[in-house]
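Presented sequentially are two complexes of subunit A, the first with subunit B as partner and the second with subunit C.
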Partner chain A sequence: MEDGLELAPTVEGPYSKIKFSRKRLTPWLFVAPCLIIILLVTIFPTIYSLGLSFTRWEIALPDKPFIGLGNYIQLFQDSRFTHSILVTAIVVVVGVSVELALGFGLAQTLVAEMRGKRIIVAALLLPVMVMPVVVGYTWRLLWDAQYGPINQIIGWIIGRPFHYTWLAKPPTAIFAILVTEIWQWTPFMFLVFLSGLSTLDPELFEAADIDGASGWEKFYHLTIPLMRPILIVAVLIRGLDALKFFDIIFTLTGGGPGNSTETISFYIYQTGYQFFRLGYGAAASFVLLIALVIILTYLLKLFRATSE
Partner chain B sequence: MNTKNVKTFGILFIISLLLMSLAAQCAGSAEPQVVEKVVTVEVEKEVEVEKIVTVEVEKEVEVEKIVTKEVEKEVMVGNFSSASRAVEEAKQYAGTTLNVVWEAGLQSQDPLTMGPQWEALTGIKINVIELSYNDIYSNQLQDHLTGGGSYDVITFSPLWLIDFVNAGVVEPLNPYIEKYMNPADLEDYLPVYGAEGYARLGDTWYGLPDDGDVFVLYYRKDLFEDPDNMAEFKAEYGYDLAPPKTWQEFDDIGNFFTNKYAPDLYGGAIQRLEGQVYSFWYGPFSGNGGQFFDPDTMEPLINSDVGVQTLTEMVNQNKWMPPGVEKWGFVEVLSAWMDGQLAMVITWPPIGRWSAGYGATVEQLAWVPSTKVAGKVGYVPPPGRPTLAGGFSLGISPDSKNKEAAYLFIQWMNSPEISLQRVMLPYALRDPFRLSHFESPLYASLWPDAPEYLETLKEGALKGQFELGIPGAREYAEAVDNAATAAMAGTDPQEALDTAAQRWADITERLGLEQQKENYRLWLEGPWNKPGPEVELP
Partner chain C sequence: MSPRTRKMVFQILRYVVALTALVFFLFPIMWIILTAFKTGDEFLRSPPVWFPRTPTLRSFAHVIETGGLKTLKNSLIISTSATLLSLIVGSLAGYGLARYKVGGDNLPFFILSQRFMPPAAVIFPFLLVFKTLKWVDTYQALIVVYLTFNLPYAVWMMRGFFMEIPIEIEESALVDGCSPFGAFWRVALPLVTPGLVATGVFCFIFSWSEFFFAVTLTRTDAVTLSVQLANFFGKMMVMWGEVGAMSVMAMLPLFLMSFVVQRYLVRGLTMGAVK
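Up next, the complex of A and B:
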């Protein structure tokens, strides 16, 4: 001890070994609680449910035999599951595309300074702040055949009472779901694009102006390429979210009429938590997971290529 | 975001919430509120009504006190009271808390009212865990499968009984019944609720039947007895206007009233919402002579001519029902009926009590629209066989650490004297299920038409049809539900039922053909399980 400071030992030997292993151990001790939690709540259940997906686990059956890929094979022969893929694809492709177009259009319009911009931006963000379940129940009232404001407004326009049951017919039920979904999530796209557009270098656009570029040319040759990474990230986030689309289906149509508006997530919920076919439900979840991983990988690849 | 943005955003958020609630109010109201004049007389009338209401509430509180005393005097089946016995035995468990699962909402008002009484008598606290109808099934199963032991008292519908027994979610009650219950109490259940498949399988009781759910047809006596309506109906259809005895008559009467009064009043409404509509198919299908399966081969027969006829009838009825009825659940039917917009409805028993104005002043029913049809309502069983839809039994969890105390609590709740108090609670949803309930002069005195109401519930139940209750019951029901909503959306009923029949066949095959055949054979032993135009009593 010198001036109250402890000197590190300089001699080689067992003491330094202890110190070395302590040095290696310390960071692990710090991350251990986090790792344990992750193992318990993420990795263990994932492995467990993967195991489950290879068994015939049914509440009504006393035995839970191992059936290999039986559940996976059955899934792709199950017309209800394949239909749920189709509905999910419609929501992802149509929903996200419209949100992308509307969000981008709104952002492009509102990127310039204008009177009342703050109020408009704040108002546009409100739908994202509302819980999807609340959105679902609110829109359920809006689409109501007898007392819904949508029918009321159409009635005013056409000059006679209008009582269409939007949620009871497959094509209009899908349409209603898409409108609800687009209403809620377009503002998210708008916000992301607005922040992206705000960061673009105005000098590039001034230079284009000097070169005599038209508005469309500036948009196509400057805005789009510069915004591409942001566009991909926004589509990635919304696409992955839309693949798990559940709340609005649950509250708006309950998957009906028939099974016409069931998404993959809703089908998994029905199978796993309503009918307690846990093996089959687990297999369906892994198919969804694989789909998510494939799409994610593709989009990330695209993102990297764009960035480079 | 700077402070100004936050403020703007906050203000807009509040404004939008207000607008949303306004929109919800507008959308939920039956008709636009038009304030024509503010008349002083009206205000005076309202003040007068308020005074009457206060007096009524005071009366009801008084009645409640009298009822409790009277019930104790009136009902005691056999030589000792199961309720008193339960209380005496339960005192040794004073200080414990029982977790009791109950359906959320109005249903839970029952244990929330009775729990403190039980606590005062025994020192056992009741913690009511409210769950939605579907979650009752899933959460209780999950809890057992994960060894949770979170619940002491569990609740189940007859539809789930077999699944719960197979999964070991319910404890057999026979040892407790033999030890504590007055055997005469078991004989006091209306036979249909004490029958095979409701709360017991063979001789083993897995629950105590605790609810008498059966569909009732409510009709507007004032409209049916109106001389003009009677004459016009007879001229048009060639027979007298009277409560329908067949589905054809139901259709004729519905059409007649809609054609005459719509949009102010429609012929009727039935719940068509997904998740509820299947219940309204089982009874009519059975009453029309349908069979669920061929018992020898387990081939589904729901897509037979009878099945298609039943579903077609349902689809056709929608044409004279209010617009959007395809998305109507219990609350929509209730609101329109209480508001006087319907000539007939088929639904569960509580609507009959509320439309008579019983319990109209209690706080728990403040959300129920005031009845405009009190004194005008007639009751009959629906044509054919009414569905014995839903219903609850009380059981105990095998994972409970307080099984004995849990059993004593359900014995007390279910005893003739306490259960009579419970079925008379104006705000609870439990319906009469014991013979002593149906014979109770006290119940019969609750409103002028109560004797007719009780008689109808009993008559309907005794010719009722239970929903299919073999393993996989929820899946079978869901397939029918999907077929019904698809047909109502425009799919050909035959095609919709073919799809459902294929699903039934797949479910049966998955769960084991021979096993399901045996389960179905056993289930058919219950007289109210067996489909067909008439109940075949042994």
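Up next, the complex of A and C:
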């Protein structure tokens, strides 16, 4: 080993070309198990699912007739499905924007040294580590009209007992979902931005001070442009994950009241598990997949730009 | 205001913000932990009681009586197996991508893109295939699914860690007659141990917390913690004490693990895009 280390510089060029050559078969052996698993367990089912989406596959039907785009046409006439797209969009757009703003604000506030900073940061991160199912049930209890502390605290503030059933009315149910999502994922944004902000070069800011820049000018002309790649990456990771939003809906509202808080993933689950309409559900899942691919293509472009 | 008082006011404001944030982000966690130790009379009282007068372990006992340990065992077996398999397959592929540039620039991004696959998009074929194989409600079904859904993450993270270690040590090992696999196993892998641990912890957290596949692919035998939690949420009444106790059992291991990988948290959560 030691000899090898000394040998390395003299032979580096030719040997590295031969030994780490990409033409040989060996390199593919490293990647093969991974590719086989991905192809077998995700690509194949995706194609199968596409086929499924062109049939009327229902548990009660003896055969599964091919109906072409029938499921897709029916989907976009299905107000329950279009509503689930709207709910998903609200979670992605409103939820992620608020997380971005709050997370950035918190990171800006806490980036400078302060007493107990390490403990504060570690404590603020805990929500990210909590199982989403636990998060959903915990907030269900917090919002509870009778046993929840939220109504109790509001009652203290307004000076009389308050028993609002937050989860029983669509607007406040959506609000409760957003608060829950924001509670869990703002710490993620905070952590990412905190680490981004602490790597910014202080000399740039000192130079701006000398030029007499105001706090706002420094923020707008230095912090934001320097942080842009990190902002984009964080927003896209969160946005793509929020597109799959399911656990919180299942546990917090169960899609209710009525069907008013169903997301796309939740609706797909319902078509399969409540109505056993796999063909229809598969079509819905393809719409979700296409939306994802569009956003993902954009993400990958940015990833390439920022990670190299 | 003099600059000095201004600075002091500013400093106080920062603590106020930090304190407000701490209250908001820790209150729900504190509430569910307290609920686990309340008596039935306390968590079903209006207005709610904040602190249990005589903390009780009754809810934990009931969770265990109703099969809680079995689901804990199921979650441990499934998450650990999926994590180990993800690390083996993932670090092999990550190494291939980092050192041999297999598949050029596109393959790594193709693999990364799989990380965002929505579970709802593949659930029906999974269900049909697992029904045929008689795998519904078995460990292997969830292990295979979690392995696949962790893999893109594991590959991408390990690729990043391998790219950071100097190539020269492996090259000299190869010159000394070491096989390509030997260079990976005996030289490169020991050098990325911290990265391997961090990646493993994240894979474990994902598998442990997963709900969509667990609720669709298990019935009674292979039920995981997350599904068992939903079971306590009955149609007629909610067993809040049990929900609390089970939540504590589900949360604590992950809290401990997050401290272990504190240094890699940002990197782990952003897939290496932010270090």
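Everything below uses one rule, namely that the second predicted complex is superposed on the first by the 266 of 308 C-alpha atoms of A that agree within 3 Å, B and C clash if a C-alpha of one lies under 4 Å from a C-alpha of the other, contacts with A are read in each partner's own complex, and residues count from 1 in each chain.
To be clear about the criterion, contacts are C-beta pairs under 8 Å (C-beta built on N, C-alpha and C of every residue); 3 or more make two chains touch, one makes a residue touch a chain.
Here the structure is a predicted model, which is why all the values come from computation and not from measurement.
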| item | value |
| --- | --- |
| Touching partner for A:132 - first (subunit B), second (subunit C), both, neither | second |
| First (subunit B), second (subunit C), both or neither touched by A:281 | second |
| Contacts of A:41 with subunit B and subunit C, given as first, second, both or neither | second |
| First, second, both or neither for A:168, with subunit B first and subunit C second | first |
| Touched partner set for A:149, first subunit B, second subunit C, both or neither | both |
| Touching partner for A:58 - first (subunit B), second (subunit C), both, neither | first |
| Residues of subunit A touched, compared between subunit B and subunit C (which is higher) | C |
| Subunit B versus subunit C as contact partner of A:253, first or second or both or neither | first |
| Partner chain in contact with A:77 - subunit B first, subunit C second, else both or neither | neither |
| Which of subunit B and subunit C A:123 touches, first, second, both or neither | both |
| Subunit C-contacting residues of subunit A that also contact subunit B | 122-123, 125-126, 129, 138, 141-142, 146-149, 161, 273 |
| Complex interface listing, subunit B residues touching subunit A | 4-5, 8-9, 12-13, 16, 20, 23-24, 26-30, 134, 137-138, 141, 162-163, 166-167, 263, 273-275, 322-324, 326-327, 471-472, 474-475, 478, 482-483, 485-486, 488-491, 496, 499, 510-512 |
| Subunit B contact footprint on subunit A (complex, rising order) | 58-62, 118-119, 122-123, 125-126, 129, 138, 141-142, 144-149, 161, 163, 165, 167-170, 253-260, 270, 273-276 |
| Complex contacts: residues of subunit C adjacent to subunit A | 11, 14-15, 17-18, 21-22, 24-26, 28-29, 31-32, 35, 43-48, 50, 89-90, 92-93, 95-97, 99-103, 105, 107, 109, 111-114, 116-129, 144-145, 147-148, 151-152, 155, 167-169, 171-176, 180, 184, 205, 208-209, 211-212, 215-216, 225-226, 229-230, 233, 240, 243, 247, 250-251, 254-255, 257-259, 262, 265-266, 269-275 |
| Complex contacts: residues of subunit A adjacent to subunit C | 1, 3-5, 7-9, 11-12, 15-16, 19-22, 26-31, 33-35, 37-38, 41-42, 44-46, 48-49, 52, 106, 109-110, 112, 114, 120, 122-135, 137-139, 141-142, 146-149, 152, 155, 161, 183, 186-188, 191-192, 195-196, 230, 233-234, 237, 240-241, 243-244, 246-247, 250-251, 264-265, 268-269, 272-273, 278, 281-282, 285-286, 288-289, 292, 296, 299-300, 303-304, 306-307 |
